[in-house]
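Notes follow once the structure below has been shown.
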Amino acid sequence: MSGSLEEFRKNRERMNEKILAAGNLQIQRFFNLDTRAYEDGALSAKLKELLSLVASLVLRCDDCITYHIVRCAEEGVTDAEFFEAFNVGLVVGGSITIPHLRRAVERLEECRKLPEPNTKLGKG
Amino acid sequence: MSGSLEEFRKNRERMNEKILAAGNLQIQRFFNLDTRAYEDGALSAKLKELLSLVASLVLRCDDCITYHIVRCAEEGVTDAEFFEAFNVGLVVGGSITIPHLRRAVERLEECRKLPEPNTKLGKG
Amino acid sequence: MSGSLEEFRKNRERMNEKILAAGNLQIQRFFNLDTRAYEDGALSAKLKELLSLVASLVLRCDDCITYHIVRCAEEGVTDAEFFEAFNVGLVVGGSITIPHLRRAVERLEECRKLPEPNTKLGKG
Amino acid sequence: MSGSLEEFRKNRERMNEKILAAGNLQIQRFFNLDTRAYEDGALSAKLKELLSLVASLVLRCDDCITYHIVRCAEEGVTDAEFFEAFNVGLVVGGSITIPHLRRAVERLEECRKLPEPNTKLGKG
Amino acid sequence: MSGSLEEFRKNRERMNEKILAAGNLQIQRFFNLDTRAYEDGALSAKLKELLSLVASLVLRCDDCITYHIVRCAEEGVTDAEFFEAFNVGLVVGGSITIPHLRRAVERLEECRKLPEPNTKLGKG
Amino acid sequence: MSGSLEEFRKNRERMNEKILAAGNLQIQRFFNLDTRAYEDGALSAKLKELLSLVASLVLRCDDCITYHIVRCAEEGVTDAEFFEAFNVGLVVGGSITIPHLRRAVERLEECRKLPEPNTKLGKG
C-alpha cells in the first residue's frame, strides 16, 4: 500500500481541488457527472457503488477500488456482500486482478477499523 | 450487429459444448465457477448480473454484454435500471464504450420484443 | 469490414437518437460533453480529432477509429499526417493494434473515394 | 465468425501490402520487428507463437488469435497443448475472454480441416 | 520499486491467507485453479510460467510480472530466454509496456542476486 | 507520487541503459523506433508528444504520462493546451483515468517549478 486511507483521502481532495481550479469548464462538468452517477435513482446508491467497485476491479485501478470500498462501507455493504462482488470481478477479470484484490482486502480491513466519521469521503 | 439473439444463443451453446467436450478439466472447472458466480447469495442474482453487465461494458465485450442483458431482463431489470447501469459504465469507461452502448441498446430492444421463452439462455 | 461508411453513419445516428430518446439525463449530458471535447479551443479541432484517433487506435475500438478518420479527413488531415499518427499509435500500443490499423487504412481509402458531402458525420 | 480462414488470410495480406506501400519507413520497420520476434532463438518459434497466442487471448484480439492459431498449428502444437495454453489465458484473463475462446476453438477446428498448404500464412 | 522481493513475498502470502480465510468458497476455488494452471502437463511448467509472464507484461501488472519472473527463474529460464520473451511482450504490447519492462529487469537482477532458497515462492 | 521528477529521470535512464546493455538486438531496435516516432515530420514533435500523452492517459500508465508531460512542457505546451488534452483523454477514457489525471497535474506542477535544464529528459 502506498499510504493510509487518511493520506489517500487528503491527497485526493487536494488534487481534485487543483484540477477544478484550473478553469477547464468541461473537466468540471465531467467531475459533476461522475458525482451524480452514484446518486439514488432507479438503482440505489449502494448498488451503484457496488457496480463501480467491480468495474474498478476488472479495470484494475487501485485508487478507484479504494474510493468505492469506502463508499460501499458507508452504504452498509457487509463483508459477505463485498466478497461476492469481489468474486464476480475475479471471475470476469481473471487472476490478473488478484494483486488488486489483495490491496482491496487490505483497504477493507483498514476501513472496518476506523471510526466511521474518519472514513467519510466527500462525494465527487 | 453480427446476428440475431437467437443465432447468438445457438452459436454460444454449440461452441461452449465443444470447449467442454475437449476434455481439459481445468477449463471445465472455470466454466463451472463462472456459472456459479451469478447464483443468489449475499447478493441477489439480479444484482450480480448487473455487476457483470457493467463490467462487460467497461471491458467492451459485445458478446458478454449481450449475454448479461438477456439475463438481466430475465431477472426483471427495468429500462430505467438498465440505463442507470449503462450510465455508470459510460462514466467509468468513457466515450470509448459508446459503440458498445449502441449495440447494447439494440440488443435490449431485440430482447424486449421476443416472447420470454425464446430469450431464455441456459446458464453457464 | 462489417459495412460501408454510409451504413456505419446511418446506424450510428439511428442508435444515438434512441439512446438520447431514452430519457436518461446524465447520458444525454455525457454525449454533449463528448461532442464539445472536439471543438476549437486552445487546441484546434483538427489536433483534438488526431488525439482521439490515436487514443481510439491504442484502445482498439474500430467504430471510434472510423468516426475519427472521417472527422480528421474533414479537418484536412493529409495521408502523411495520418500515417505518422498511426505510427505513434502502433509504437505505443504494439502489434496488437495492427488488425485495427488494417481496418483504419481500409476506412481511410473508402473515405478518400467518397465525394465530401457524403462523408459528413453529424458531430456528437 | 466474420469469414473463412482463407478470406482472413487474403484480406490480411492485401491490407498489409497497402500499409507497407504507403511509404512510412517507421511503420515498415515495426512490421519487420514484428516478423522477427517469432524467429527461432534462445526460445523456439513454436514457443514464441504460443506466447503470442496467449497474449492475444488475454488482450482479446480475434484476428491476432486467428493468426497465431494458424502459426502454432504449422509449428506442430497439439490439441492438448492448445487447450492448456487456452486455460492459462482463461485463468489470467478471466471469463471476459470466453467469447474469444469460443472463436479460437472454431478457428482451430477450421484449421485442422484444411489441407496444410492452404493454411500457410506468410510471416509478417 | 515499491519494496524488496522479500517484502513482496511476505505481503503476498499474508494477504492471500486473509482472502482464503474470508470463507468465500468460489474465491478459494479460483485460487486453486490459478495454482494448478501452471503445473506440468502437455506443456511444461517452465513454458506455462513464460506464457503467464508475457501475458502479465502485455496486461501491465507489476506484481504478476514479479511473481512469474521468480517462478521462471526457479524453472531455469536463462537471461537470453527472458529477454526474448520480454521482446515478444514489447512488440505485442507496445512502448506502453516499457515502464513495466524496466521494473521487470530490476526484479530479474534482484532475483539473480539472491541465494536460491530465499527466492522460493510458495505456488498459488 | 512514488518519487520526484529527478528520481524518475535517473531511474528511467539507469534501467534503459541496462535493458539496452543486455544485448537483445530487437529490443534495441524497438527502443530506437520509439525514440524516432516523436521526431518532427508531417506532424510536429509537439503534436506527437500530445498524441502520446493522451494515449498514455487513456491507457493509464503513470510513468508514460510523466515522461510525455515533461516532453510536452519542453515543446512549449501551455497549461490551457494541457487541460484540453487532458479533457479529451478524460472523456474518451472515463472516470477510471481520474487518479492518473490527479498525478498528471501534480507532475505538471512539479515540472513548471523546476528550472528548465533540470527537467530535460534524454529522448528515447
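Chains here go by letter, A, B, C, D, E and F, matching the order in which they are written, and residues are numbered from 1 within each.
Just so it is clear, a residue touches a chain if its C-beta (ideal position, glycine included) is under 8 Å from a C-beta of that chain, and two chains touch if they have at least 3 such contacts.
Note that the coordinates shown come from a computational prediction; the quantities given were computed from them, not determined experimentally.
Chains touching both chain D and chain F: A, B, C, E.
The set of chains touching chain A and also touching chain B is given as C, D, E, F. For the interfaces C-D and C-F, the C-beta contact count is higher for C-F.
Counted by residue number, the contact pairs of D-F are over half the same as those of A-C, the matching pair from A-B, A-C or C-E. The geometric centre of chain D is 24 Å away from that of chain E, both derived from CA atoms.
Once the centre of each chain is set as its mean CA position, chain E and chain F turn out to be 27 Å apart. Centre-to-centre, using mean CA coordinates, chain B is 38 Å away from chain F. Within chain E, contacts with two or more other chains are made by residues 2, 26, 30, 33-34, 37, 55-56, 58-59, 64, 80, 83-84, 87, 90-93, 95-96. Taken as a graph of touching chains, this assembly is fully connected, with contact between every pair of chains. Residues of chain B that touch chain C in their complex: 2, 60, 79-80, 83-84, 86-87, 90-91, 95-96, 98-99, 101-103, 105-106, 109.
Note for the complex: chain E touches chain A at residues 2, 11-12, 15-16, 18-19, 22-24, 26-27, 30-31, 34, 55-56, 59, 61-64.
Residues 58, 90-97 of chain F touch chain B in their complex.
Contact residues of chain D toward chain E in the complex are 33-34, 37-38, 41-43, 47-48, 50-52, 54-56, 58-59, 64, 78, 80-81, 83-85, 87-89, 91-93. Listing the residues of chain C that touch chain A in their complex gives 26, 29-30, 33, 36-37.
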